[in-house]
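What follows is a pair of complexes built around chain A, which joins chain B in one and chain C in the other.
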Partner chain A sequence: MTAITIPRPGASEFALRAFANEAGKGLRLMWRRRAITITAVLLNGFMYLMIQFFIGGGHLVLPVLALTLPALFAYVSAATAALQGSGGITEEVNGGTLEQSHLSPARPVLLIAGRLAALAVEGLVPAAVLALAFGLGYRPHWVIRPDALVPLALIVADALGYGLLMTALTLRVASIGAVVHVFNMAVMFFGGMFIPITLFPHGVEIVARFVPTALGVEALNTTLAGRGLSAAWSDGSLPWLLVHVAGLAALAWGTYLYTLRRARREGGLSPR
Partner chain B sequence: MTSFLTALGNEIRKGLLFAWSERLQIVMELPFFTLFILLLGPMLGAGHQIAAGHLTWTLSSRRISLLLLAFLPANFFYFQAVKLFWRLLGEVQAGTIEQVYLSPLPSWLVAAAGRLIAAIIETLILIAVSYGLVSAFVTLHFHWTAAALLPIALLVITGVGYSLIIAGMTLLWKRIQLLQETFLMLVMIFAVSALPLITVPGWFAGLGRIFPATSAVASLYGVMLGHRGVTALWGTGGLVWVIITAAAYLTIGLGAFRLGERITRTRGTLGAY
Partner chain C sequence: MAMPDHAAIELTGLTKTYRRGRDLLTAVDDVTLSVPPGQVIGLLGPNGAGKTTTIKMICGLILPTAGTIKLNGYDVARQRADAVRQIGAVLEGSRNVYWPLTAWQNLMYFGRLKGLRGQEIRPRAERLLADLGLWERRHETVGSFSRGMQQKVAIAAALITDPPILLLDEPTIGLDVAAARTVKDWITRLAADEGKTVLLTTHQLGIAQELAGRVAVIRDGTIIADLPTPDLLSRYAEDRFQVRVAGTLNGFTGVLPAGARIEADGRSTVVTLRDADQHRLHSFLDQLRAGNVPLISVSQAQPSLEEVFLRLIQGDGGDGRSAPAAANTERVA
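Let's look at the complex of A and B:
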């Protein structure tokens, strides 16, 4: 009898493959639903214009558009991550395939990292398309410098933290999907897509700063106004943004691990 | 007939049980919706103030009353359509959607009726509590009259039609939550456009009339704030247009649901396996 030894991948190679498989799955699903994604991009653009119309009293006020456009980018990233993350995990729970993915020897961190990578792309593509379309179409007076990339990256991280938190809650709270729409409306309203959060009454402004992406939009507006990262640091928006991103990521990750462990224990990885 | 009524009763009961299981969510939604109505008022039409870097936060009784009026259909549409979408999607994904066809009821009635009563109750609770919370900050002036029930009834029919369109799309394309969310926002925006809050261009008003809640909200405005009757025939809030909107959305909804159903049954993709 001849024994054939199959070469086993190393730990890092295996981790990379597990990550890539999970991310690839999300991206393939996105590609399959591209017609929905494209329609949603167009509708989001139209909705933003209509909101601007209302704020402008029947016409577009370009300085307001310049102040709120970063929030459109943030909202689309966050809303897509939350809706698609929650919808995706609901589909896997209902279809019974979430249990299968957890039969893998890969650690949950790899699976969720792959899922988040796909959500990041899924949110960033429509957000970037909309920001570019409005940016090129209306040419707001922005000072675009490399330092704007810092709050931009932190906005994406914050949006993903929010998406992960909603995904985690989906494992625990009955029909969270419908509530995600309300949370998304809160991100839209208190995140700066109607007016910059600094114009809210003081008490509301403090609450709004806890809303995902709100601080990121504030810091991004500061850099796009040409005042640089140092201004965002000294007015407190950048340090608080860093705290918010880290805090939300820790909360989301902790909630995800907790709900996953509980779902495993109580048989909640498949429909009950 | 008895089996028909039993099946219908069971679906309504199921819808109410779902609504009860989601009571915590309604509690979470209340403070947000109240704050939303209160804060939105001063923002509308304040573009130049915002551009100048300040905004006067004065709560106008008339403006907040108007916004609350536009908020009623938005809530009903949210409870009817959004929750129907997630429930239907869950049944598609779990494979239990096919059991709908064991019922003696028409499938569209099973889909829509199960949510309708629950949606009406949820909307009433939310509106009553929101009304109470908002009126703690600002005096609201509504002319309460039974005549308002006519546009409300037509709004409910329109909402059923709208939710059936969403249901048909769900059967066909499954995960349409991104579209669902944006559609809902547009329904809300154009419902507000029916009210005399800001001056909108003709094309904007014309476009608004196509959206499901606009004409019913205009009619509600006439009867509850404008001290007019509901029997005036023409114009955005005119009875003719409100009836046409309700009839058109119900007809299109039924058609969309049946079409989505037929395509998915032909393809064998009613459930997702």
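Let's look at the complex of A and C:
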């Protein structure tokens, strides 16, 4: 008997396949819990509609809807990434599959990247469904141009950074469910889903910009208002959004590496 | 076939210390173990002895505080990717596979995770599922399976890359007799027919006795015995004799040695003498002859692994006699 002779693919080919394998697994698991996703879409949509009616004094105020609907999209993406990322890791820790997945020659960065890709889809699908349903249903006055894709993509990146941060903390924080819930509430209230951020008191507006996706919603509203990316750049929302996305991604990745290493030091990849 | 010049599993000075508040807890203490290719070794110990921690350190899932681990010559700390390619593991108390996915999806996922391509995994998955009797239900979710079938999927997932080293942490726990038998037969086959190195932990010592050619007993993180299984059993058989006589000992006027155990079935009586040297045995036989008790046989009693294990972990020979650690701990060449 000799050492195993699994064919050694090229590093980039193996990396790509490891990434795709993890993303595929995430999507299959998502499909298994599609009933939860559908329920979440309905509940989020209903809650958003009721609060818009409440704010409008029994009426739907279309200018407000035009400004808050991007925030609903952002909230659903971010909250799904955080909830499913954290919940998925918790389930894998308890089930022992997290340990099994780390018996791979693939680097952890590939596994987590694949996991995030699946989370992106899982968040984007309900977010897009809700945005399309309300957008087509109420036809808010938006100027839809390709440049809106830039803040849209950055919102998704910000949401994934937030999801990764919550996922990373799951390896360390015992009551992560409550933590994720509180943070998701913050994203909901301060991300402009009910009241546009620009209508907040000045101090709250400044604080709100640190909340994941808030700057993205501001930049997206600027482009959807027809003022283009240059306006989003000059009002500071786009550059600060870039900084926020990069900073949150770095923080989340650093936290993940730290908590993963600590879990391997303390046996935290399985239930303790 | 030329044997490789390195051990399949080589642990040197392996130590793991956890910090618990202000205290330090040593879970594994300076464990050194060398397992040659093709050997089935049982790592036995009471709960909390350090078995699972040792296995997880071998897998690279827990970082050791000190010491080195080599798998087929690959250092787990420095050559992790190559090292994990050598192993398949079924870990204790875990599902090990994704219950919401089907058996087939699990095998495809774990095969790809280890670097295999789809076309390489399919024939192996087909063979494993067929051999384990799961082929007909391969497209059902693992969560809908019985505990035994789930464990079979976990074993199939561990074997999907045909690794030379298998780490099985309580592989038969929670299984019914039939499922445990299947798993046991599989381990036997993997070792005997495919030459795999198996490190096995179990509390079912009958299984360990049946499967493991070598037993290492761990207590409080330290290996206290490490011998080929027959040697370990015979070591404790040396001072135990069974004397079988016809009928009962009702009319026997002699003195039974201290600690003797008597079992009668009506037609014959078996007296088991523990801690008996040749002198005591002859003395007892002389008494039987003087009493005209008809002797049927005298044999050296073979203790079960369970008895030996209990004596080892209790730190004595069962009668308060200390078991010299140095004598019990022998390295296998």
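Methods note: the second predicted complex is superposed on the first by the 264 of 272 C-alpha atoms of A that agree within 3 Å, B and C clash if a C-alpha of one lies under 4 Å from a C-alpha of the other, contacts with A are read in each partner's own complex, and residues count from 1 in each chain.
In the analysis below, a residue touches a chain if its C-beta (ideal position, glycine included) is under 8 Å from a C-beta of that chain, and two chains touch if they have at least 3 such contacts.
In this text, all values refer to a predicted model and were calculated from it rather than measured experimentally.
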{"item": "Partner chain in contact with A:K25 - chain B first, chain C second, else both or neither", "value": "second"}
{"item": "First, second, both or neither for A:R265, with chain B first and chain C second", "value": "second"}
{"item": "Partner touching more residues of chain A, whether chain B or chain C", "value": "B"}
{"item": "Which superposed partner A:R33 touches (first chain B, second chain C, both, neither)", "value": "both"}
{"item": "First (chain B), second (chain C), both or neither touched by A:I195", "value": "first"}
{"item": "Contacts of A:G95 with chain B and chain C, given as first, second, both or neither", "value": "both"}
{"item": "Shared chain A surface residues [contacts with chain B and with chain C]", "value": "33, 95, 271"}
{"item": "In the complex, chain A residues that touch chain C", "value": "1-4, 6-9, 14, 17-18, 21-22, 24-25, 28-29, 32-33, 95-97, 99-106, 261, 264-267, 269-271"}
{"item": "Residue numbers on chain A that touch chain B, as the complex places them", "value": "33, 35-37, 39-40, 43-44, 46-47, 50-59, 61, 63-64, 67, 79-80, 83-84, 87, 90-91, 94-95, 173-182, 184-186, 188-189, 194-196, 199-201, 204, 271"}
{"item": "Chain A contact footprint on chain B (complex, rising order)", "value": "18, 21-22, 24-25, 28-29, 32, 35-36, 39-40, 43-48, 50-51, 53-55, 57, 78, 82-83, 86-87, 89-90, 93-94, 173-186, 189-190, 192-193, 197-201, 204, 272-273"}
{"item": "Chain C residues within the chain A interface of the complex", "value": "1, 4, 8, 18, 37-38, 53, 56, 59-63, 72-74, 80-82, 84-87, 89, 91, 93-101, 105, 109-110, 112-117, 120, 141, 157, 161-164, 195-197"}
